[in-house]
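After the structure tokens below, expect a handful of questions from me.
All chains are identified by letter, namely A, B, C, D, E and F, in their written order; residue positions are counted from 1 within each chain.
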Amino acid sequence: MTDTLIVLALLAVAACATGAVLTPDPARQAVVLSVLGLSLALLFTVLQAPDVALSQLGVGTAVTPLLILLTVRKVRRSPRRGGDQEPGA
Amino acid sequence: MGPPPPTVALPGTAQLPLAVALPGTAQLLPLAVAVPLLGAVLLVVAGRWLPRPARDALTMVCAAAELACLALLWARTDDGRAVSWMGGWGPPGGSPAHGSQSVGIVLVADRLGIGMALLVTVLTVAVLAYSWRYFDEPVGEHGGVFPALLLLFAAGMCGFALTGDLFDAFVFFELMGAVAYALTGYRIEDPRPLHGALAFGIVNSLAAYGSLLGIGLLYARTGQLGLAQLGQALDTRPPDLLVVCGFVLVLAGPLVKAAAAPFHFWLPDAHAVAPSPVCMLLSGVMVELGVYGTARIYWVAFAGPGGVPAHAFRDTVLVLGAVTALTGAVMCWQQRHLKRMLAFSTIGHIGLFLVGVALLTPEGLVGTAVYVAGHAGVKAALFGLCGLLLDQYGSVDEHGLHGRARELALPGALFAVGGLALAGLPPFGTGLGKSLAEEAGGRYLPGLLPALFVVVSAVTGGAVLRAWLRVFRGAGPTPGDRPGEPETSGEGEEPEVHSPSRRLPAPLTAVPAALLLGALVIGAAPSVGRQLAQAARLFTDRVGYLAAAYQGPVPPAPQPVPASDWTVSGALLGLLSAALAVALALLAVHFVHRGPGAALNRRLVLPLRRLHSGLVGDYVTWLAVGLAALLVAFVAQR
Amino acid sequence: MSVFPYLVAGWVLLAGIYGLATSRDLIQSVGCLAVAQSSTYVLLLAVGYRRGATAPVFADLPVGAPVVDPVVQALALTDVVVGATVTALLLALVIQLRKRHGTVDPERLTGLRG
Amino acid sequence: MSRRVRLLLLAGAGLVIAVVFAAGCAELPPFGSPDHPYGERAVAAALARHTANVVSSVNFDQRAFDTLGEESILFASVLGTVIVLRPARDEDRQEPEPARVLPSTRLFGALLLPVTLLTGGYLVAHGQLSPGGGFQGGVVLATGLHLAYVAADYLALRQVRPLAVLDVADALAAGAFSVLGLVGLVAGAAFLSNTLPLGTFNTLSSGGLVPVINAVVGVEVASGVIVLLAQFLDQAVEVVDR
Amino acid sequence: MRHQIALALLTAGTAALVLAGLAVLRLPPPFLRLHALSLASTLGAPLVVLALAVQTGPGRGAVKLLVIGSLLAVGGTVTTMAVGRTTVRRERPGLLRGNQR
Amino acid sequence: MNAWLLAAAALLVGTIGPAIAVALHGPSHRRLVGADLAGTGMPVVFLLLAQGYSRTSYQDLALILAVLAPAGTLVFTRFLAGERG
């Protein structure tokens, strides 16, 4: 059973990581990265590393995506390249 | 259960009578890291209130304390090693038999490691003196941040040089990396520094993560993180693919830091654009620490029977070094952006250092050590002089500055001397190092390796002399632009200081002069070479390192102390490369349009220049290609 | 199963490298760098795992119970901090770069070449 | 280098790396193997020092020097970010407008803010007993503070965030770590040695130096991350080109 | 007996959460997906938490679980509303003309 | 093998899996639905794991996530809505 859980968590991590690098738009990537952070935290928990999982929750799901989002917002709001919205939105 | 018996590590060396007042040898090691850290904190806290002179003085005091600490350490270690277990977590019971049973981090300093740390600190002091009146630094809230970052940089580099633990080395690697990215992007008003800093940051971080993966693999195999413990544990079974894979991955970080081709692309981008005082540190010592790290990791952990075979390391790194040296030299010759030219010349010399290390002999190592020390002085002086040009004319473009710096007599003379010293003119340290390394290389590949040394140092020195002739002497016609070719011009730089009409500040000339003098002393004073020769012998003594890290009695080093004196052939070769450099420079300046090499240029040089595209994606690709090539090379020679 | 976790770590690293090499947006590059870094966590913690063991926290555990390797966890913890701060620094550089260059597309940054 | 060439090179290199890495992994001890010599030693050492959370013991006692380096990286990155994002000569600050927020969001944020701060404090305080510690708690504290931004707006956040104080706190905490190391030297032991009384196993004050370093790290991480996020928020919300 | 109740609650909660997951996956219209979200946070998660609390029995542990459960329910509801608002703005800008900028 | 771990595995397949799948496709606000679902489902998984491994201290993970995940989602909705402030 524990092995099944570990395999599931590993698959989630691999899927999210692959999805994150294949997402060219940074705002969308930020969403995927936050899910990647969650999957990593899950993996760490099933690997019996709650300490690392906790910091991953803080960093991976909150701080890093927030920083990326703030950067995206700053970059998109700068006036020198007006009207540059998220493609497909 | 009670607390374990205190396992306080005591130094293996005799205590001087002074030791009552001064910290013990083992205590000096962590102090060398803690002093600049504390200094940085002080500066950040006090910097917002202190006026600039007080801040500069405080910075100097911290750097001087660090210097004193390391000098004391150098004096105390003599022909031995200082060992310090952090937190007192040494081998249980302090017994060497349990050396592999410790849980802590060990700092191990021999004179090469201390020497690197000393070099870091001396250059930091020089940089602080240089930037005394250099920047218009931000005031108020951000006051003191620049010197604080410099001190943190020094702490990171010293920690990396002194640590005897692989993961700890990674941490300090990242510390110097993070500070270096910030310092490179320091001039935010100019777009190019930010571009260069970003390429630097991404490529270096990626390589560091590669290193960490390697550390993970090696930990899984051995259950150790200390270099000595790791080496001993690896020796318990024959090497396999895992060891090769771990070795190459671990080396990714140091080799990228050392800018070995094809991991070097970030370096010219970063060094061309970083503030000149920062370039002095980056080119003078940080890049060399990559070579140092490579050598240390190989020697302690992988030189045993369970590691990587010596012939594999020697041949692979020799090729790597030669490719790096040639790439650096060719690209250096092509530059008109003076700082970028110096950056490529650093790559050329790094290639030579790698060749010297790859010989795996104390002779090659002492040559490299002297060369590194001399090169640090010369290269830092040249970057300082470029900063002076930037300060006075707002440009570092060889073509744009043509003849404009005629009135700067003393800086001009220093620049010329720097070029000659870079080419290996005796009796500069660069010349002595080159001669020693040539001799050691000649014993392995007669003719070929000495020729490599002569050619690379002549071309890089020649490029500097060419720039000197044009910028400071106004010689020859002004070269035209080369349309359609990839090129970085040095014009339109945001000046680093915003009062260009002022008088030339004295430190901008005095510091380069002092640095050149230092490079001269390294070559001319025989005691420097002799001490480094002893240090090199100690460095190559793996058994001794392991014993010292385990706090056991250290057997005397088996090899004899390598020679470290000038030889006639070495001096002649130094003169030859200096003469070649002068000839190349004169040819380039006066016969600029009549080159027979136009076809060669189009076929070979232009594609090479195109590869330096400034694209992070390309650089990452080359990083992967380089790693794959190293893997193939080491697997094939297993 | 005996090597699958290690292979996932390798896969994540290669995915990160691929993302970095093909990225057309520097913010996205920094995200890819974070992905590449997560491979190190996966490898370290996989190395430290021990079947049938639990977390090395003895507050609610009898002394002597089998636990997984605490050292790699400490290393991974250090690594997480390092990664987050370096990401922040790189993103700060991207912001300034955008201000000065007007673009975050690496292909349009042509100031440094040759 | 064209995109095609780059991809081809990358594919080739990736293939080689993948093959060698996989072959190397095959030589590793199989996943989940019971053999962890360093881990065993670390567990014994932590128990001997009365620290229930062995990871905290490794981070703050046995390998505290790593953590010193790590905190310096944090400190340096915060400094670097502050200096890179410092206001340039051609930029202005613009007072942000109050934002419109759903009433449910506002209420939720106001409720959650104290809960988050409490949770963060709890995580820091229990670092040597249960999973968590200075780093994790610090991040939660810092993120929690930004709930004020989510729930109300930037103006509200600025009122609960004494940035200058946090700036200094970050630096002082970084310095305190080194000073704690020096305490060992002054006491005649090694750098960063655990010279404090070890206390009773499984209580808040057990572990000697561990809870102290833990608290210092908590302060540094919390203030550092807040300053870091503040820089980015400033950029995203306040700073405009002139 | 307590264990049986816990298992029953667990089964129900898990079923609700899985149903929500499948619904999010299978329902193409974005607004219907939001219903699935609220199913997860207001029914699935609290049921599972309740199961755990029943299994733990009265005491501090159960209180902590219930606190977490209520946080989940409240947080899930609030975020669902916020996600809903964003979805509306992006997909049907006309619906919320008053809030448009 | 116990019921709690079994339920956790079921949630991973039935809830987290679809959440990841949704988070990997479409424009940001649709991905957000997946992220939100993962943010709701994952704390439950953590609680189940804590019970299944008989380690109550793992519950802190769920607590932290229950506090942080809504904050993260709210930040996303705020920025993706394209409003200022």
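Keep in mind that, in the parts below, a contact is a pair of C-beta atoms (placed from the backbone, for glycine too) under 8 Å apart; a residue touches a chain by one contact, two chains touch by 3 or more.
Quick caveat: nothing in here was measured; it's all calculated off a predicted structure.
Comparing the CA-atom centres of all chains against that of subunit B, the greatest distance is found for E. With D-E and A-F as the two chain pairs, more C-beta contacts join A-F. Nearest to the global CA centroid, when each chain is reduced to the mean of its CA atoms, is chain C. Inter-chain spacing, taken between the CA centroids of subunit A and subunit C, is 11 Å.
Inter-chain spacing, taken between the CA centroids of subunit C and subunit F, is 20 Å.
Rounded to whole angstrom, the centroid-to-centroid distance between subunit D and subunit F, based on C-alpha atoms, equals 22 Å. Residue positions of subunit E touching 2 or more other chains: 71, 75, 78, 82, 85, 90.
With touch defined as above, residues shared between interfaces to two or more other chains in subunit F number as follows: 13, 16-17, 19, 27, 29, 32, 34, 39, 53, 55-58, 60-61, 63-64, 67-71, 74-75, 78, 80, 83-84.
Multi-chain contact residues of subunit B (touching two or more other chains) are listed as 167, 171, 174, 178, 181-182, 185, 188-189, 217, 219-220, 225, 610, 613, 615, 617-618, 621, 624. The part of subunit E that touches subunit F in the complex is made up of residues 7, 10-11, 13-14, 17-18, 20-22, 24-25, 30, 33-34, 36-37, 40-41, 44-45, 48-49, 52, 55, 61, 64-65, 67-68, 71-72, 75-76, 78-80, 82-83, 85-87, 89-91, 101. Taken in their complex, subunit F has these residues touching subunit C: 53, 55-58. If you check the complex, the residues on subunit B that touch subunit D are 1-4, 6, 8-9, 23, 26-27, 29-31, 33-34, 37-38, 40-42, 44-45, 84-90, 101-105, 138, 141-142, 145-146, 148-149, 152, 155-156, 159, 167-168, 171-172, 174-175, 178-179, 181-183, 185-186, 188-189, 217, 219-221, 223-225, 240-242, 244-246, 610-611, 613, 615, 617-618, 621-622, 624-625, 627-628, 631-632, 635. Within the complex formed with subunit D, the subunit C residues making contact are 1-7, 10, 14, 17-18, 21-22, 46-51, 53, 55-60, 63, 66-75, 77-78, 80-82, 85-86, 88-89, 91-93, 95-96, 99. Interface of subunit D with subunit C (complex): residues 3, 6-7, 10, 14, 17-18, 21-22, 25-26, 28, 30-34, 36, 38-39, 42-43, 46-47, 52-55, 57-59, 63, 66-67, 70, 73-74, 77-78, 80-81, 84-85, 88, 91, 129-131, 135, 202, 221, 224, 228, 231-232, 235, 241.
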